[in-house]
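Accompanying notes for the structure given below.
Each chain carries a letter (A, B and C) given by its place in the written order, and its residues are counted from 1.
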Amino acid sequence: MTGDPGSDVAISTTGLTKYYGRFLAVDGLDLEVRTGDVYGFLGANGSGKTTTVRMLLGLVLPTSGTARVLGRPMPGSGRDVLPEVGSMIEAPAAYPQLSGRANLSLFDAMGRGSRRRGRAGRVDDALDRVGLGGVDDRPVRAYSLGMRQRLGLANALIRRPRLLVLDEPTNGLDPQGIRDIRALLLELNVAGTTVFVSSHLLLEIEQMCTRVGVLDRGRLVLQEHLDDLRAPTGRVVLRTRDVADARRLLDSRIDEADGDRIVVRRADPAALAAELVRAGIGIDELVAERRSLEEIVLAATSAGSDTFARPDRPASGVVA
Amino acid sequence: MIGVELRKLLRSRRTWATILLVDALPTLVGVLLAVTDLGPRPGEGPAFLSAVLTDGTLFPLAALAIVLPLFLPIAVAITAGEAVAGEASAGTLRYVLVRPVSRLRFLVAKLVAVVVFVVLTVLVVAATAYVLGLVLLGDESVTATGATSVSGSSLSTPELVARTFLALGYAILCMLGVASIALFLSTAVQSSLGAALGTMAVFVGSAVLLTLDASDAIRDFLPTRYWLAFVDLFRDPILWTDLRSGVLLQVAYVAVFFTAAWANFATKDIAD
Amino acid sequence: MLAVAAIPVVPRLLPVDDTDVSAAELLAGVQGSADVGHSGYAETEGAVQLPVGDDLGDVGELLAGTTRLRVWWQDADAWRVDRLLLSGEVDLVHDGPVTVAYDYEDAQAVVTEDPVLRLPRASDLLPPTLARTALEDASPDDVSRIDPRRVAGIDAPGIRYEPSSDRTTVERVDVWVDPGSGLPLRIEVRASGPDASGSPDVVSAFEEVEVERPGDDRVGFQPAAGVDVDRARTLDIADAAGRYAPFLVPPTLAGLDRRSDDAAAAGVYGAGVTRFIAVPLRGREADPLREQLRAAPDATLGRRRTVVADGALTVLLTGSAGDDRAAWLVAGTVTPEVLEEAARALLELDFVDRDGDR
């Protein structure tokens, strides 16, 4: 959008590392978020997502490695970078004794370059965007979890940032709320805002993001375009009532068979459909197989980092 | 940022509740004095209190002497102890810092807000006491006869007013010392209660040490050493010795602890 | 914390200049300093624990603990001494023959004629007054030079007086003097005994001083409208007893001469550091005092007398509880033997009729 150096990269880190005492929270992270991305930052609780977000925003100082946000180094250039970044970190927070509107106008008045002019308009605008436009003057203390979440988002949006860094943005929202927020973020993205969403909810990321990074115990184990990750695997999944006939027909090409579900190796769905019809086998469902994000993530990560199993006995029930 | 802090301070119900609580004690004392007409025996009780039964207009000073040793510092310790630790535990600290607000500016704004709080408290206490003194207590008005200095000579009303304001200023400076200790602790510990209690421990400890002959070697460095030196402003002529030492000591405390607070806060990981 | 600690320390670290003035010259300066005008702020520190309560005015308070004094001194006839309290003050304003004692917390000023005889009061503890008293009868042979010391910003040469008399309890007196005027700036008094080389019994020193005659507005007393001004005929218990008790004290006691020759029932004997006061007390005055003295840890208790000695000060009270005859209070910086000898002589005294009535 502007002529900043490296303006096609919104966030990049090299070897970003953070130790808390002797505990390694983030380990040599190389993130790359491009301008225009809706980037999903996935990881189990405790995998280092929040620490990473805090390092990007200058709240936590890295032990080693560098981070650049909007083309400039963090935390060194925080005073120039942060005004263009809207953020929600871990949970929304506000001064409980004040109304939502008063909170927004306080936060808007903080920091360099805050202008009094147009503040009321900006506040109303941000509230409208998150669906709190009609809220009364009750103090935030009396807000529901969902309202607080919306207020937190409004706070992130009030300065019309170029980059949104959101940590668990749909936490505490009902399904309708989640849809509203998703639609809002996509709308903002279309208008040019880069969105960086960290979450432990696979579905949320899958429905919204263009690129994902997966964090496991402080290390980035995967960073890809979602489309690439979910490209067809080359296998076709068939559901049929005529299981015995289908097995006989496809025999050597079957990878897996489980009840009425048959997975066929190296197949073109159209050709397979024609073949089955010719053989008079009824098709209930026939699709090219795509891996779900869940499968991809589980394949890439080790046991959840809130499990602390003994090393010689991997926790059962978790696919390693 | 200072403006924002002041708005927060003035719009907080707790600010006013604290001020009212601080104000309640001298008010109660004033009412009791007026009702019972029993002044403290000379030489006992807070400074100036024995004089208010004859001269009600001295009550603001007596009220100040009542709240200064304990109530006011506790209120300051609580307010300043909350400054960083309170925002951190409420989660708002991180949103303030990513606004962005520089950490130094944040600390300065907090300190200024505490000063305003102290000024406000002192003014409310003084104003209440003035009205109370005028209405309930002795009516031997200063404006007609002149007040009596501690040295027995008379002070004209302008002199009395000027010295009262100097005393208020001195008290505020002393509270600034308390505030900077609390601010430092507030950057160092997790809970605002811990910071407030730690600060109280410092000045209660200091007050205890001051009563011991054994602590002679360090007494001139104790934070509460010169707190009551504002009485010296009402001697004739003013005795500047302790006031000067008190100002220097408090300035040093503010400088040292504010610097420590900043050094600690500037590189602190905001992880909550 | 270093910055805090450094502020008052730095000036003390500078080296102190000495002069080659002789001890005898300094002594003469001290003895003749009564009319050296000055003003300042002094603190005295007494380590004499005397269980006398309020019966002897401020004496007990003055000798134990810290006393903060402000002084404006034109000459021996016109001065003002303020004893500073935490939330008030007690002032003495001396003008020719009268002294005004003002107490802020009582909002009262009491005017009295200066008596011949009285108990010690705050002004007696000022470094110059105390030094003149102690060195009153010192001869040049008894004094020697000691290291100079910076007192209230003045590089003050020092002298040490070691009394030759074996009747005093004072081992030595160190005085530091303003070299220009002879004004004593700091005095330390040490009692003889096991810890004679330890910390002094009494220290009195200026923290701030200006050796210049203060203006008249500083030494006068113009009470504010709210101050009660009363006149009193007697100043303290010693003054009252001296004037009205039915005795006449002898011109000499225990070999020490009385300091005045008027007819009185009480007297001060001796000179310099070898001096004591003898005062007759009525039974109801003596009983509570005796009670307190007997509670002192190292009191010598007898049926006829109670003796307490602490540091430089010795106190003797004759008689026993319930005895409604007059009791003699004899106290001073002399050994218990001297006081006992004086007390024996005092108990021999006959009643006399005095002109004054009580």
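As a working rule, a contact is a pair of C-beta atoms (placed from the backbone, for glycine too) under 8 Å apart; a residue touches a chain by one contact, two chains touch by 3 or more.
Values in this document were obtained by computation on a predicted structure and should not be read as measured data.
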| item | value |
| --- | --- |
| Of all other chains, the one whose Cα centre sits farthest from chain A | C |
| Chain nearest the overall C-alpha centroid of the shown protein atoms | B |
| Inter-centroid spacing, chain C versus chain A (mean Cα positions, whole Å) | 86 |
| Whole-Å separation of chain centres (CA-atom averages), chain B against chain C | 40 |
| Between chain B and chain A, distance of the C-alpha-averaged centres to the nearest whole Å | 50 |
| Junction residues of chain C - those touching two or more other chains | none |
| Chain B residues touching chain A - in the complex, by the definition given at the top | 1, 3-4, 7-8, 11-14, 90-92, 94-102, 267, 269-271 |
| Of chain C, residues touching chain B in the complex | 1, 3-5, 7-8, 41, 70, 82, 84-89, 91, 102-107, 109, 207-208, 218, 221-227 |
| Complex interface listing, chain A residues touching chain B | 20, 51, 54, 57-61, 78-79, 82-83, 85, 87, 89-98, 102, 106-107, 109-112, 155 |
| Complex interface listing, chain B residues touching chain C | 42-43, 46-48, 50-51, 54-55, 65, 140, 145-155, 220-221, 228, 231-232, 235, 237, 239, 241, 245, 248-249, 252-253, 255-256 |
